[in-house]
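One chain, subunit A, appears in both complexes that follow, with subunit B as partner in the first and subunit C in the second.
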Partner chain A sequence: MKKNLYPMIFLIALIVFPLVLRQEYYQHLIILFMMWVVIGSSWNLLAGYTGRVSFGHAAFFGSGAYAAGLLAYHYGISPWWGMATGGLLATAVAFPFGWITFRLHGAYFALATLALNEVLKDAAKIAEPLTNGMVGILIMPTFSSKLPYYYIILVMMVLTILCMRLTVRSKLGYYFVSIREDQDAAESMGINTTRYKMISLCIGTFWTGLAGAFYMNYMGFIDPSVVFSLQDLSIAAVLVGIVGGVGTIYGPAVGAFIMIAVQEFFRSGFFGLFKYFGDKTGSGAFTTLSEFVKSAHTLGFGLLVILVILLLPNGIVGDWTKIKTKLFRMKVTT
Partner chain B sequence: MDVFWQTLVAGILKGGLYALIGIGMTLIMGVMGIINLAQGQLMMVSMYITYVLFSALRIDPYLSLIIAMPALFLLGVLIQKYLLNPLIKVDTILPHNQVLMTVGIGMVLTEVARFIFKSDYRSVSTTYSNETFFLGHISFSVALTVAFGIAVVFTLGMFWFLMKTDLGRSIRATAQDKEAATLMGVNTGRITVITFGLGSALAACAGTLLAPVFYIFPDIGAPFTSKAFVIVVLGGLGSTVGAIFGGLTLGIAESLGSTYLGMDYENIIGMVIFVAVLVFLPSGFKRLTKV
Partner chain C sequence: MSFFRAENLVKYFGGLAAVNNVSFEVHQGEIFGLIGPNGSGKTTTFNLISRYHRLTSGRVIFKGQEIQHLPTYKICRLGIGRTFQVVKPLRRMSVLDNVIVAAFARVNTMREARELALQTIEFCGLLPVQNLLAKSLPIAWRKRLEIARAMATRPSLLLLDETSAGLNPTELLQAIDLIKKIRDNGTTIIIIEHIMHVIMSISDRIHAINFGQTIAEGTPQEVAQNNAVIEAYLGTDYA
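Then we have the complex of A and B:
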């Protein structure tokens, strides 16, 4: 029970949070955070546990978003039905893809995901009769309040984490880890590595597709450069995974939290601190500085990645004991 | 028929420059076994160096090769020495952590460029930027033709270097078998640093040569990174000859695609070729050329 204590406290806090803090801005941030937990966890199952890094998770996210959006746009079917199809379409995209690329050893899979991302982005741009091309798809949001979305994504996040935990602690999880550690050894033990890599890919992409469909519902607008974005989705998914810690259940949650925090920290100019100083002292220097800081959130995240890979190669959760002892020692000596 | 030849010529000219970026990436791939996903961003840095030299000091882009290439060589050396080599010793379960590091480096380079130059489109507009000459009915862009010529010279120079000099032989030995090379007295740590420097310098060369023809903006790096890795996979990972063929193939395919299918298809064609190669010829042209 003790092991589940912190996640439970955290979960209760999340349930209560929107009832206490009614500002939509914070609710929006937490919704995004939870969406990123879903994406990060599904990336982590593939990369952290099975050892197959995907550089193109946006491909699956975008497929899910388009599945929901197109059904609503062309047939008027409620985009919530699209949630189910979103996950399935993402898996349907992943299946032949994995079938082709998993037969190759080495870095091919990672590179091919990058290519898949670009292909789908261009395809969505070109297929104008179907997808409206660059104009994108606009649907009416179902709810005007943010609360329903908040609880839907909360349930989704909990389900994702439970699914990851069940998978990782079952026999399947051990197969995945054995493939990550040494594929040839796993093969010689009688594990059908291609099949288990496929299973890992399908589970992971299903949740990512679901998150994509949720995004469509929540934002009400998508276009190819948003949902197939290499920088803002594919790379961000990788970042969420490695900052939090690959191969850990709660790592992506920590990573997602840090990513959203860093993003907002920079975007709001250190929560308006610089602007406050600027107004107070009346000097233009602070105002320009705050403008600089606002445009630097990607830079901040890039630097964070470099530092994490160098200093905390297993992520914050993975290297938690290392961080704790270091901090503790520092406290003792000073 | 003229349209076809025109397209072919444009493709070959572009392909020559693609090959230059591809060779840089494939060298790094061969020696370190990693795909450098910051290759296009390094190219972008050299484009900005060219831009600054041109707009501030009126230095001709082709002359600024002398400055841009050593500068990027140095940048590559620093990246390899202080960011990538330490990762070899790091104990982690994170797969491909060096590749992920290059992604981070690419992001930082792009954002630093955006910080300094904003997202505006810049151009190096020399007198010959838009000039063309005709051979028969086919027009040649002066800037691209000169760039192609210089690219060929550098490619041949690179070959001579890899085949005939001691350092080049050490690089090839390290690429073939790192441990055996170490046993033969090759300082492989130093070789990786030099190789990354060379790869960056080649990217710098391509960037400077392309500066008069392309608009320069911070995000130009990413598409070139993806082009470069398509070339590397096409040519076969680590194969220099393959990268040349890969670059030419991609250039020709792209320009045929944009002529006969439409501009939108330019990128998708490269990716379709890429997937086709993965499926039908996973070791790329290396299997055909044997080098």
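Then we have the complex of A and C:
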């Protein structure tokens, strides 16, 4: 029970949050954060627990987004129905892909996911009659307020984490980790490794596709370079996992929170600190610096990732005991 | 119907015949030794039985069923457990979790798997280290973990690949006791071993191979006195 205490407190805080803080900007940030928890967790199931690193999770995110978008755009089907379809289409893309590429070991599988990402992006660009190509798809948002979106993604996030927890603590989880640790040993213990890798991939991509479909609904606009983005989605998913802790339940949540926080910290020019200095001193240098900082949010997160890898190779959640003892020792000595 | 039979096993790696026409039969309840100098094809034979490698030709028959075309995991589920010469612990899992993974081959719920794993761990004498991470174990415990994992899949035939290599004399005696205990519990064993007094003392029958070919088969005494075996191990001067 004590183990669930922090997540429960956090969940209640998230439920209350938009009722207290009514500014749409902060609600928007938390919505993005929760969406990233879904993406990060599903990436983590495949990469962290099953040991098959995906460098192309945008492929599944984009498939989900386009499934919802195209159904609404061409057939006028409510994008909320499209959401289920989004998850299913992402899984439908993942299935043949996994079936073919799980024969590849180590980095080769990662490269194949990278290729899938780029192939789908180009396909979405070229197939103009269907996808409008680079023009993208625009649909009318269902709600004008952010609140309904907020609670939808909150439910989705909670379901994702529950799904991950159930999976990881069952036979499936044990099988996934054994495949990560040693595939040959797993096979010799009666595990059909191909089958369980497929299950891991399908569960993960379903949630990623669902997140993609949510993104379509929420933003109302997608184009290939946004939802199949290599740096903003595929790589970000990897980094969220690494920062938070690969192979831990709450690692992706922590990683997602830090990513969104760092990005906004930079985007706002250290919360307007540089602008403040610029106004105070009247020096143009600070204003210019502020502009640089604003466009350096990816760089900032990149630096953080490097620091985490150097100091906490298992991520923040994975090395939590290490962090605690370090902090504790500091208290004793001072 | 014989319990286990390997018929004319042949395995080529490129142009090299690693195993060339090896046949043997194992009776239920016995310890069957497989010996030969380094590189003679013992481990390859195990890999052929558990289909870690595919046979070039030949048949493997277990309880009346041809199994040479089945995938590795199905062979395990049919009741052939194996250990690896170069141990393969699931490094970042505890000893108990390692064995639980194996136990899931026979049971489906977490509770049953845990129970079966704990029984197996106790049987193999791993209780003192059950909560340690597998990567932190010294080699003697790792070898024991290999056996425990194989045993948790409840095999009726167990393939032991050099489970005594690298052990000190005390550990060696414990390992021999464990192997005998497994046999007494009704599991048939095929064992590869380099330490001659181990294999001579526990095997009921021994099959000797060299350069992938059978050179002798019989009781430990017969094999020990066989000229081809002495020649293979000590050179022509001693034969």
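Criterion: the second predicted complex is superposed on the first by the 334 of 334 C-alpha atoms of A that agree within 3 Å, B and C clash if a C-alpha of one lies under 4 Å from a C-alpha of the other, contacts with A are read in each partner's own complex, and residues count from 1 in each chain.
In the analysis below, a residue touches a chain if its C-beta (ideal position, glycine included) is under 8 Å from a C-beta of that chain, and two chains touch if they have at least 3 such contacts.
Everything quoted here is computed from the prediction, not taken from an experiment.
Engineer: Could you classify subunit B and subunit C on subunit A, in the superposed arrangement, as clash or fit?
Structural biologist: They fit: once the shared chain is superposed, the two partners occupy separate space.
Engineer: Looking at the overlay, does A:147 come into contact with subunit B only (first), subunit C only (second), both, or neither?
Structural biologist: It touches nothing on subunit B or subunit C.
Engineer: Give one of first, second, both or neither to describe whether A:174 is in contact with subunit B, with subunit C, with both, or with none.
Structural biologist: Touch partner of A:174: subunit C, not subunit B.
Engineer: In the overlaid three-chain picture, which partner chain does A:185 touch, first (subunit B) or second (subunit C), both, or neither?
Structural biologist: So A:185 only meets subunit C here.
Engineer: Is A:327 touching anything from subunit B or subunit C once the two structures are fitted on A? First, second, both or neither.
Structural biologist: A:327: touches no partner chain.
Engineer: Between subunit B and subunit C, whom does A:242 touch in the aligned arrangement: first, second, both, or neither?
Structural biologist: A:242: touches subunit B, not subunit C.
Engineer: May I ask you to decide whether A:135 touches subunit B, subunit C, both, or neither, giving the answer as first, second, both or neither?
Structural biologist: A:135 sits against neither subunit B nor subunit C.
Engineer: Which touches a greater number of subunit A residues, subunit B or subunit C?
Structural biologist: Result: the larger residue contact count on subunit A belongs to B.
Engineer: Is A:9 in contact with subunit B, with subunit C, with both, or with neither (first, second, both, neither)?
Structural biologist: In the superposition, A:9 touches no partner, neither subunit B nor subunit C.
Engineer: Once you lay one complex on the other using chain A, what is the shortest C-alpha distance from subunit B to subunit C, in Å?
Structural biologist: Scanning every C-alpha pair, the shortest subunit B to subunit C distance is 7 Å.
Engineer: Does any part of subunit A touch subunit B in one structure and subunit C in the other, and if so which residues?
Structural biologist: Of subunit A, no residue contacts subunit B in one complex and subunit C in the other.
Engineer: What does subunit C use to touch subunit A in their complex?
Structural biologist: 50, 52, 71-74, 76-77, 81-82, 84, 88-93, 97, 100-102, 104-105, 108, 110, 113, 149-150, 152-153
Engineer: For subunit A, which residues are in contact with subunit C within the complex?
Structural biologist: Counting only subunit A, the residues touching subunit C are 169-171, 174-175, 177-178, 181-182, 184-193.
Engineer: Would you mind writing out the residues of subunit B in touch with subunit A in their complex?
Structural biologist: 34-35, 37, 83, 86-87, 90-97, 99-101, 103-105, 107-108, 110-112, 114-115, 222, 226, 229-230, 233, 237, 264-265, 267-268, 271-272, 274-275, 278-279, 282
Engineer: State the interface residues of subunit A toward subunit B in the complex, per the touch definition above.
Structural biologist: By the definition above, subunit A touches subunit B via 47-48, 51-53, 55, 100-101, 104, 106-108, 110-112, 114-116, 118-119, 122-123, 125-126, 180, 230-231, 235, 238, 242, 246-247, 292, 295-296, 298-299, 301-303, 305-306, 309-310, 313-315, 318.
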